[in-house]
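Input: structures, listed below.
One chain, chain A, links the two complexes that follow: it is found with chain B in the first and with chain C in the second.
Coming up: the complex of A and B.
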């Protein structure tokens, strides 16, 4: 266990407190803050020169576990932590292969008779490192052991003399520096992608929204707003917005759309089924996408998805990759939901009327869940910043951006 | 004993074997044709379960089923002696290494006796034993020997999918390893042996991994329906119970093998509340069920599973009532098969024991022992490679054979 560098500790504490008190909300904001914090943790972390990425991984895991515990409902935090871990492992693997080939070059000057064998052995080590280090357990390597890249370069360099060992340690020093440098660069790229993912999604709008179509949505999603505005440039269409009680974010979206001169109709949530037959497409945003293709979306959207399925209307979900969670929803209706204050539904004044006069207990209960779980069969398409995907394709995205060792932190 | 009778029933009544015994008298090169069964048409192999190149013309399914019925009418003792006959005659005729041929099957049966070991693992251990006994001097020679041994195993029980999948997996590993260069044959052999031994441990760990992954899906107060006897599903449920989760299990009877009874007994020993239900009562009870948990004999390329008869039915009912269907299967059960319908697999007839024995001879009984559940009825697969959606299975298979 590596202790977190003291200068970063107060920052971590601060962020965890914010998460705990729900002072930072929304997957995008949380993801950005988490990423920035992890970048600071990495740059502050001192890596001993002869260690591999394990030190960094442990540091990130320690911080990550704390952040996730602060707000387990906000899945974006866990996603970012796991993505950073995956980046560290990837960078470590690519550095390992370059180091191995680098040491082979140094050994070259030795015995020329054994050159071929050593080259072959090292190329095997390189190939093995390439193949095995990052591969998830698969049928392919079920019967193989995994040679670690550190072991590989040790065996190759063991025939070298003392001057080689010195250059090796010098190599390692720059190696850990390079690792940090590469990881921080990748994190910066990821931050940029985060800032701009809604633009990437909006670029695809013209392919999906056609002339004179009617789009239905519920509540408000920032990505959806940009998506519709992206399509508005070249198409004219109408939008039907369901208000999305109890927060009534739909009102806000309707106002924003009208300000942009898009013809908008506002309806209540209960009118969705009545309107669905007149609609060409349902487009919504999401809170999180689970590994089986299921969606955590604002409450009310499961109902809309069922109505859409019933009338064969495509149900399109806009999402960014930071919302992609590698976990499976074990018991989706209870475990991943956030219960907000019942006063949003029923005023506290009226609520007190529901309380039993004699015992003070509640005769009737008011539930205010924030999220709905939409099973993957009801979703037609995911539009992410990398393009459009089927729900059954989500497992590939998960495999690309996350390492299986990091699923359980 | 019933297990013995079930094995290779079609090879028993393979008319080619009569040809073989005939040819034993004339020692000519006709043997050569018999020792290369791989040249036969794969389509007929799959559908009829025997090697068509040894026959004068293609054998139809009806012919074989009639032949099977005729055989079912003969006595049980007759089975036992007939069962050993083909092995002896084949082995007697093949001049090259009869002992290794015979011992592969023996080894396999020896490992098979151990109740905890799956068929695929027993097969790989038997193949490892072949490597140990091999006197080949090159990796290619070793490979050829192993191929022959694998073919023998597959022919021994042509209906078991996990057996052939395990053999294929090991053969694939061997061909990959021999491509890498080793200084001498003994290093290569020892590496293969070591990995073969390791595989036995891996497979035991596989069940643990699957149990760990899958028990997350069991929650307090849930009602789980299982079908047939699956050691993996059992391990999962036992682990969930040991974690203190309170749940109930409904076990189908699993006729005609009554495997559900064994499952129920095991669950009772683990202090899990279990109720035995008729196979026909699945739809009746499905309303109370929260999830269906199944094992698998084989997982096919489409992401569907081949399992004990009645699985498809259960999945169909569960799907229509929107209940999730989870399959627990180890990764070495992934097979390169793609059945298009229920008839597209090698048939495994079971002995169906009706309550009215005197009618048995006259009434036609459909004795198929397993069915194919298409992927759209499955929700998730728990494997030691992780939790997979059915669409991810073909990806895994492609990665293996790239």
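Coming up: the complex of A and C.
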């Protein structure tokens, strides 16, 4: 399958190597790059005439499996792959109904004016429609075994799309071309969403942060920074930043917040429990959100979550939908932690004389895990770009954005 | 692709985007540390935590942004090139690996000359050997190097080092290399001096070693620099950023062989061309070169403990076909592993795929390769088991290296430090003694010229009989030609490998195998070394005394820049002893008083003493001399002392430049009376008077001494009391003098 798209193969190789060498890190960057790459794969993929979406799905799967294997801990890659697969399936299904409705349109084509309007429908409208397809399947749809009888509004958009296509692409195989086109459109929308998700999250800040509150956080996340700055526009509050050893991203966050004239206090990670009683809310970023509502977050946050629970302080997790992972944390094939080089914790030279067992003594070991797993019962609220959700609602989100057949690739 | 290339170039901070970053990788260490294994397979292909060493180096180069690598193959060139051909390195974009073969090179110097002849290197390049494991970022060091080059064309090389504390007793780093001494200019990071405290074991060398710990620096190094930095806790990573001139230098100086011993020292001592070497210290990142078996063991452990992240076993950079799962306390299990439920896998262990392990076997701190069969009740600790090894029931292996295809029959015991080369068979119930090396290849006894440079390069060409190539095929797992290397002929000695075993024992000819083996250093060896060291130090002290006293010239004294040994007490002891020795020679007439003054002066400079120290030591010597004479009563002692003072008083007087010096003499005298020579105690006052009479000590000094003692405690005042009358008299006399003076 991959052999049919030799142009993108080097790109895939390159990306996989970078993932493997840990040269691309951070879920947002990885997600963006993966999405752009998958878009290229799709556009390079030749679909035989009248073939179904199966070819496309297989191609994405092959590339996806490689990308996931290159860095299994970067769950965002798998999420993006599965979401693209879901998009393809949805588009395929909606196209199937379009063909039907296209026929109906052809039969009673008296409604000329209406059609014109449809033709003028910008890609935005199409996008919005597609988004609706993706975003809001009714409970009724979910319960039904076949993904699909699509509702009227979608038909409108799709019809518009189909006529649009016909006018532009003369002899090309219309159906597969259309599929590809639609999928790429949806991917573009997703890319836009990725780029702006933190702004969307930040917009909700005012609903959650109140005047004179004390907010505690650990480490640094870009979403968190935007969130706090979003709240700062109208409210004045205090932020307590735990430094987030051993990477000490908290130092950077504290500097950035101070530069924005937010009242900031920097504490060590070990002082979290001492501070928590004075705190109104804990707000943190995350690495991934698992299907059960558990969170993978930078190391140290489990401790913060427990402290928050002990003092009944709300523990709020900011996350983008690309971090939503359809896997469960107890899945033995899911890697939940990455052990980094101990040199971040301790300089090698410092310990070099007691690190070796060469003199027969016991060796000292240094561990440096990257993530903590925070169980769902410790999380009070997820704030995503689509609004706030309870941990118990996460499975619904998963059902919305992923097809069950893609969960195991 | 063009776009890609340019982004790469900016990645590494290269200003000249059209010159790809190049590296020269020496796939031959030109050393014999890994024999006999390296007689059959080149060192760079030996598995390090189940991945050939060269793959670590190449992966690092590729991820650090190097685009073109020239792999210089010498020994077993065919194996290296075929490995490269079948690896994924050939198929990577933006990364080309070009093998350069040469059969007749015997040193790194030769290799670089060959590379210079080929003319493939166009710009700055990274010189590295194929047994280096690192995860350092080259960005910064390259930037520093290039900026220096822009300002100063003579800065030809940047050497990378890392801090690493050496063992305090045996003076070797954890990687088994000797302690290194670098002298660096802290402001420019220029390397001024490179010295390894070389040692070869045995009594002789221990002495040399102690000698070598005194470093002689050229005065010119210190002349125009505000500061120099001496580092003795560093480890050379053998990663060099070189300018193309380095190759030219090798071509010009055809006698340069060794990169450090010849090239670096040659460059440092050469003041005509003025080429400079600079240094770069890596902080946080990892880099180590595997040049002996201890380093092999230690680096394996560092990889397992993830210091080399992202080059760790569960990130499959070289062969991504199988996955490895990491468990708690660094247990790595590759897919396709058969473990009995009762098997105990301890911490820091890697087990390869296709390996099956039976009941009640215990494995700790070890690396097990792929396709091994391990029986029940086996104990494996701290060992490196390579691929396709068969280990029968009840075998015990501790701290050993077991190569591909080895067969250990039931109840065999492998003691620490053992190396079993390819396809060796150890018979039942046989115990392989510690530190022995066994190989199917017969050791050739032509090592009399054991020049380090005549490496396995030669060994490879020499081995023809036992056919290393089929063995190599065996490693690939393709086919095993049993007929060729397990002949039933009784040429294996059962005393060496047990009944039914196969292999020749290699004699190492060195008794310091423990220094570089995979086994931990036995504590008794350390004790031994310490004892030897102390002995040598004493000898040293004695020798120092004689040699330095023979020196007539102040200029010849070595500048003692070695700050770590500056033990004040020892020094003063030596100083006293030497002054005494000098003095006694003067007494016996061997040297004149004039010479004594000169030599004491030179000693004073050498040990950085003051005049009062000299005077004190001198006076001590005087009294010792007096006490040596025949004496039974204190009266005779006084008599002797008087004589000695009469004769040598003037000499002593020459060191008493100031009242403080005189007081020092008095204090020393007191000390002698209370500690060394109690017999002087009763005659203290008389001797003091004698000193006064002979004008050795002035009345002012005595009065000052007495008044100082007034405030001391009772014990201190014994001698003051003894001399009370004398002092009183002195005081009265001086008062009279004063009055007289006033009246006049």
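Keep in mind that, in the parts below, the second predicted complex is superposed on the first by the 321 of 409 C-alpha atoms of A that agree within 3 Å, B and C clash if a C-alpha of one lies under 4 Å from a C-alpha of the other, contacts with A are read in each partner's own complex, and residues count from 1 in each chain.
Assume a contact is a pair of C-beta atoms (placed from the backbone, for glycine too) under 8 Å apart; a residue touches a chain by one contact, two chains touch by 3 or more.
These figures come from a predicted structure and were not determined experimentally.
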Check your understanding: Where does A:396 make contact in the superposed view: on chain B (first), on chain C (second), on both, or on neither?
Key -> first
Does the superposition put A:211 against chain B (first), chain C (second), both, or neither? neither
| message | Touch test for A:23: chain B only (first), chain C only (second), both, or neither? | response | second
### Task
Check whether A:10 is in contact with chain B, with chain C, with both or with neither, and answer first, second, both or neither.
second
Between chain B and chain C, more residues of chain A are touched by C
In the superposed arrangement, does A:366 touch chain B (first), chain C (second), both or neither? second
- If you stack the two complexes on chain A, which partner ends up touching A:341: first (chain B), second (chain C), both, or neither? second
Looking at the overlay, does A:293 come into contact with chain B only (first), chain C only (second), both, or neither? first
As the complex stands, chain A meets chain B at residues 120, 124, 136-140, 142-145, 291-293, 328, 330-331, 392-396, 404, 407
Within the complex, chain C is touched by chain A residues 10, 13-14, 17, 20-23, 69-70, 339-344, 347-349, 352-353, 355-360, 363, 365-366, 368
The chain B residues in contact with chain A across the complex are 169-170, 173, 180-181, 195, 198-199, 202, 216-217, 219, 331-332, 334, 379-380, 384-392, 395-397, 399-400, 402
Contacts from chain C onto chain A in the complex sit at residues 4, 59, 62-63, 92-94, 135, 162-168, 173-174, 176, 233, 283-286, 294, 298, 301, 305-310, 312, 315-317, 320, 323, 326, 329-330, 347-348, 365, 382, 520-523, 526
